[in-house]
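Across the two complexes that follow, chain A remains constant while its partner is chain B and subsequently chain C.
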Partner chain A sequence: MNLAEGVQIVSFGILGVMMIVTALGVVLLPKIVHSAFLLAGVFISISGLYILLNADFVAAAQILVYVGAVNVLILFAIMLVNKQEDYSELPGRRLRQVSTAVVCFGLFALLGTMVLATPWSLNTTSPAVIDNTIVALGEHFFSDYLLPFELASVLLLMAMVGSIILARRDLIPESSSTPGTVTTKLTLPERPRELASLSGDSDRQ
Partner chain B sequence: MNSGIDLQGSFVQTLKDFGLSAGLAKAIWLPLPMLLMIIGATIGVLVVVWLERKISAAAQQRIGPEYAGPLGVLQPVADGIKLVFKEDVIPAKADPWLFTLGPILVVIPVFLSYLIVPFGQNLIISDINVGIFIWISLSSIAPIGLLMAGYASNNKYSLLGGLRAAAQSISYEIPLALSVLAIVMMSNSLSTIDIVEQQAGYGILGWNIWRQPVGFIIFWIAALAECERLPFDLPEAEEELVAGYQTEYSGMKFALFYLGSYVNLVLSALVFAILYLGGWEFFIPLDRLADWIGVAETTPWLQVLTASLGIIMTLVKAYFLVFIAILLRWTVPRVRIDQLLDLGWKFLLPVSLANLLITAALKLSFPLAFGG
Partner chain C sequence: MQLEYFLLLAAALFCIGIYGLITSRNAVRVLMSIELMLNAVNLNLVGFSNYLDPSNIRGQVFTIFVITVAAAEAAVGLAIVLAIYRNRNTVDMEQFNLLKW
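Moving on to the complex of A and B:
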């Protein structure tokens, strides 16, 4: 066993333990903020595993997207929401728990079958071992994975346009119409004072 | 092409000649550049702190630090020693774990990013394929540390500062990444070495700053915002938030924040120098000059000369940018938080997208000048 293999095995062990411990922490800790911070730990360990698999671009993208954006947004949501609510028993709690267990077990079974069914072993001389992962990723995106790639980009574009429309709507401070007269389906229930409709605003501008 | 001085190769070869195995020689080599880089980054911070004090004093017609060492050069060292020996206070109702982890999470990614800063053809810790992308993704970890510090302090100013820091960092990451993407598109590579190589050959005329006149302004604004430098230092705005997320910190933990912010400033300046100012390249193309006066490229003294000139040039460019950042700090007033977010989302984001599109169009139409 040479240096590189030893480092790989040791870091795999560390990353695996870190991932399992932090994931358990996310589920089991009582404070939601601690769970959210530990979620970042889970994402970082996953990115470490990607590095061990030579997927350097995916690892960096994992950190950028999941740690830098998703996790920060989760933390934002937790810290900006100030909702004090007493714990109360939901109706049909038993049924909810059973259905959750069924769904979780189904997911686990699906992933387990996938793990068992995939042929994992690659020898180092096979063409599947690549130097420049970015080029390989790009080629896959624009050939055999074109449809999912384009669909995902259209979806993201739609989400962006939607969020811009929602954001612009809030930023028009005083509409000339009196509040409460214009009611559309785009009304946010939390903000009954700003009921300016989109079509009305574009007319006025 | 000759690759210049290869320190790693010759070091490993020397150890092998002493009879060590190849793996052991590599293992002895590995920590050396990392240690050197960490020490270099820390010393760089001391220099920047001294510069900041002196230049701000000059901007306000004061003298600045004067008694600690000649011209007060030892003042940052004195500051550092003071911070090390200060009592480390954790507020009574704070969350002690998160309170301790926060500053660590802010500092580590910044130091890790020095992995990709090249000072010469082979003077880089690791030339990885994803190069500059690592810097962008690592810099996105810092807001988590800031949020953690802000939340754990159990103080409303800290929490507001942490939230502001995270909001600012998320908004300016996008124009930053888009302006870097325009450069990457021209160099056909994410590796910092390739980005500098692509600017080589024509001296100062080949630098990306001429090809990306909009991109470099966007990059500089976004980098200043990411470093929380003064036009954008809202997370720690003294007049509004006491000191933002640093309010409850003292001693070594405060020193970590302080160190982290200055290391980040130097790092941003270095990355700017690499992306737009030709990295280690001199103002005139040295290899052509050597060719012209008839010195072979493989001459040892020429290689040593170009290598040391490369290090000096990188540092000169970076410290010039740091100087501009310090001057900006003492001349520009602070923006409000809504102005900050407006600038980021409504101005920089569309402009950087347009810049990316124009770069792509120019690359297609003039492949010679814009890296086909």
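Moving on to the complex of A and C:
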């Protein structure tokens, strides 16, 4: 990193504060759409922190995959399950939130003391920073991490097939096709929406 | 710049993720909290790769793998949420007690 030390510290402070504030907004805001948009802020500030840590390819992949794919996927899921639902009040919920906050703060204190107390073996003698991380990552992927790389591709294929199977609507048998709908060769054999909602209501009873 | 700053920031993000995972009632928000925790782990990995292993960056390789698994997890998790919403007509986590007791 060929920035001055002061510039690095100032940008680290800005990115860190932005990340913590947007993460708290993701968790605490009442409307889910606002927290989905703030999640993009978390991802972008983490990408800036990666750039501070000399990881330029990972920063680009973070923006591409998280902001471009995962966040858009979450927004689509919010659109599909968009229902203004006022949750029924549960007894002891406030107590549960407070105890969870106490436990999380205790965990943070534990991790903080561990981080500050551990003598990290920093080798400050040879700051041989790789200036082209893409070449180094590619060499790692195709030499000593070849098997996990291929397994990751199989995992992505499995996730794609599994999510399609989980998220599609149920098939209807051929005999009970409703007469009102026009069926062409391109029509997917699926249950109509109102039937699906009706059966969902009946399942709930 | 020191390693401890990044580790403290990642620890804070992880704890926020755990708090959201436990207390939120919307199922989509639970998935968002899981993404927050995975990002905290990624920040740890990249920090260690920069400060402790700068010559061959193995931490960044693992970060790429974690990003891959997180993308797959988000797709499958949102599909599961969609299927549950279609069956139960709610996304309240307190009502998903099919396997409880």
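Going forward, the second predicted complex is superposed on the first by the 108 of 205 C-alpha atoms of A that agree within 3 Å, B and C clash if a C-alpha of one lies under 4 Å from a C-alpha of the other, contacts with A are read in each partner's own complex, and residues count from 1 in each chain.
Throughout what follows, contacts are C-beta pairs under 8 Å (C-beta built on N, C-alpha and C of every residue); 3 or more make two chains touch, one makes a residue touch a chain.
Worth saying up front: this structure is predicted, and the values here are computed from it rather than measured.
Trainee: Which partner reaches more residues of chain A, chain B or chain C?
Mentor: C
Trainee: On the A-aligned overlay, A:M79 touches which partner chain: chain B = first, chain C = second, or both, or neither?
Mentor: The answer is first: A:M79 touches chain B but not chain C.
Trainee: If you stack the two complexes on chain A, which partner ends up touching A:L146: first (chain B), second (chain C), both, or neither?
Mentor: So A:L146 meets neither chain B nor chain C here.
Trainee: Could you look at A:L39 and tell me whether it touches chain B, chain C, both or neither (first, second, both, neither)?
Mentor: second
Trainee: Going by the contact rule set out at the top, does A:V161 touch chain B (first), chain C (second), both, or neither?
Mentor: It touches nothing on chain B or chain C.
Trainee: Looking at A:N132, would you say it contacts chain B, chain C, both, or neither? Reply first, second, both or neither.
Mentor: A:N132 sits against chain B, while chain C stays out of touch.
Trainee: Using the touch definition from the top, say if A:I63 reaches chain B (first), chain C (second), both or neither.
Mentor: first
Trainee: Per the contact definition in the header, classify A:L49: touching chain B only (first), chain C only (second), both, or neither.
Mentor: The answer is second: A:L49 touches chain C but not chain B.
Trainee: Using the superposition on chain A described above, determine whether A:F105 touches chain B (first), chain C (second), both, or neither.
Mentor: In the superposition, A:F105 touches chain C alone.
Trainee: Scan A:L95 for contacts with chain B and chain C and give back first, second, both or neither.
Mentor: neither
Trainee: Determine where on chain A the residues touched by chain B overlap those touched by chain C, and list them.
Mentor: In chain A, residues 57, 61, 69, 73, 76, 80, 133 are touched by chain B and also by chain C.
Trainee: Report the residues of chain A in contact with chain C in the complex, numbered from low to high.
Mentor: Chain A reaches chain C through residues 5, 8-9, 12, 16, 19-20, 23-24, 26-27, 32, 35-36, 39, 42-43, 46, 49-50, 52-55, 57-58, 61-62, 65-66, 69-70, 73-74, 76-78, 80-81, 83, 85, 87-88, 90, 96-97, 100-101, 104-105, 107-108, 111-112, 115-116, 120-123, 126-130, 133, 136-137, 140-141, 145, 148, 152, 155-156, 158-160, 162-164, 166-167, 169, 196-197, 200-201, 203-204.
Trainee: Hey, which residues of chain C end up touching chain A in the complex?
Mentor: Against chain A, chain C makes touches at 1, 3-9, 11-20, 22-26, 28-29, 31-33, 35-36, 39, 42-43, 46-47, 49-52, 54-58, 60-61, 63-65, 67-76, 78-83, 85-92, 94.
Trainee: Mind listing the chain A positions that touch chain B in their complex?
Mentor: Per the touch definition, chain A meets chain B at residues 2-3, 33-34, 37, 40, 44, 56-57, 60-61, 63-64, 67-69, 71-73, 75-76, 79-80, 131-134.
Trainee: Enumerate the contact residues on chain B facing chain A in the complex.
Mentor: 23-24, 26-27, 98, 101, 128-130, 133-134, 136-138, 140-141, 143-144, 147-148, 151, 159, 162-163, 166-167, 169-170, 173, 190
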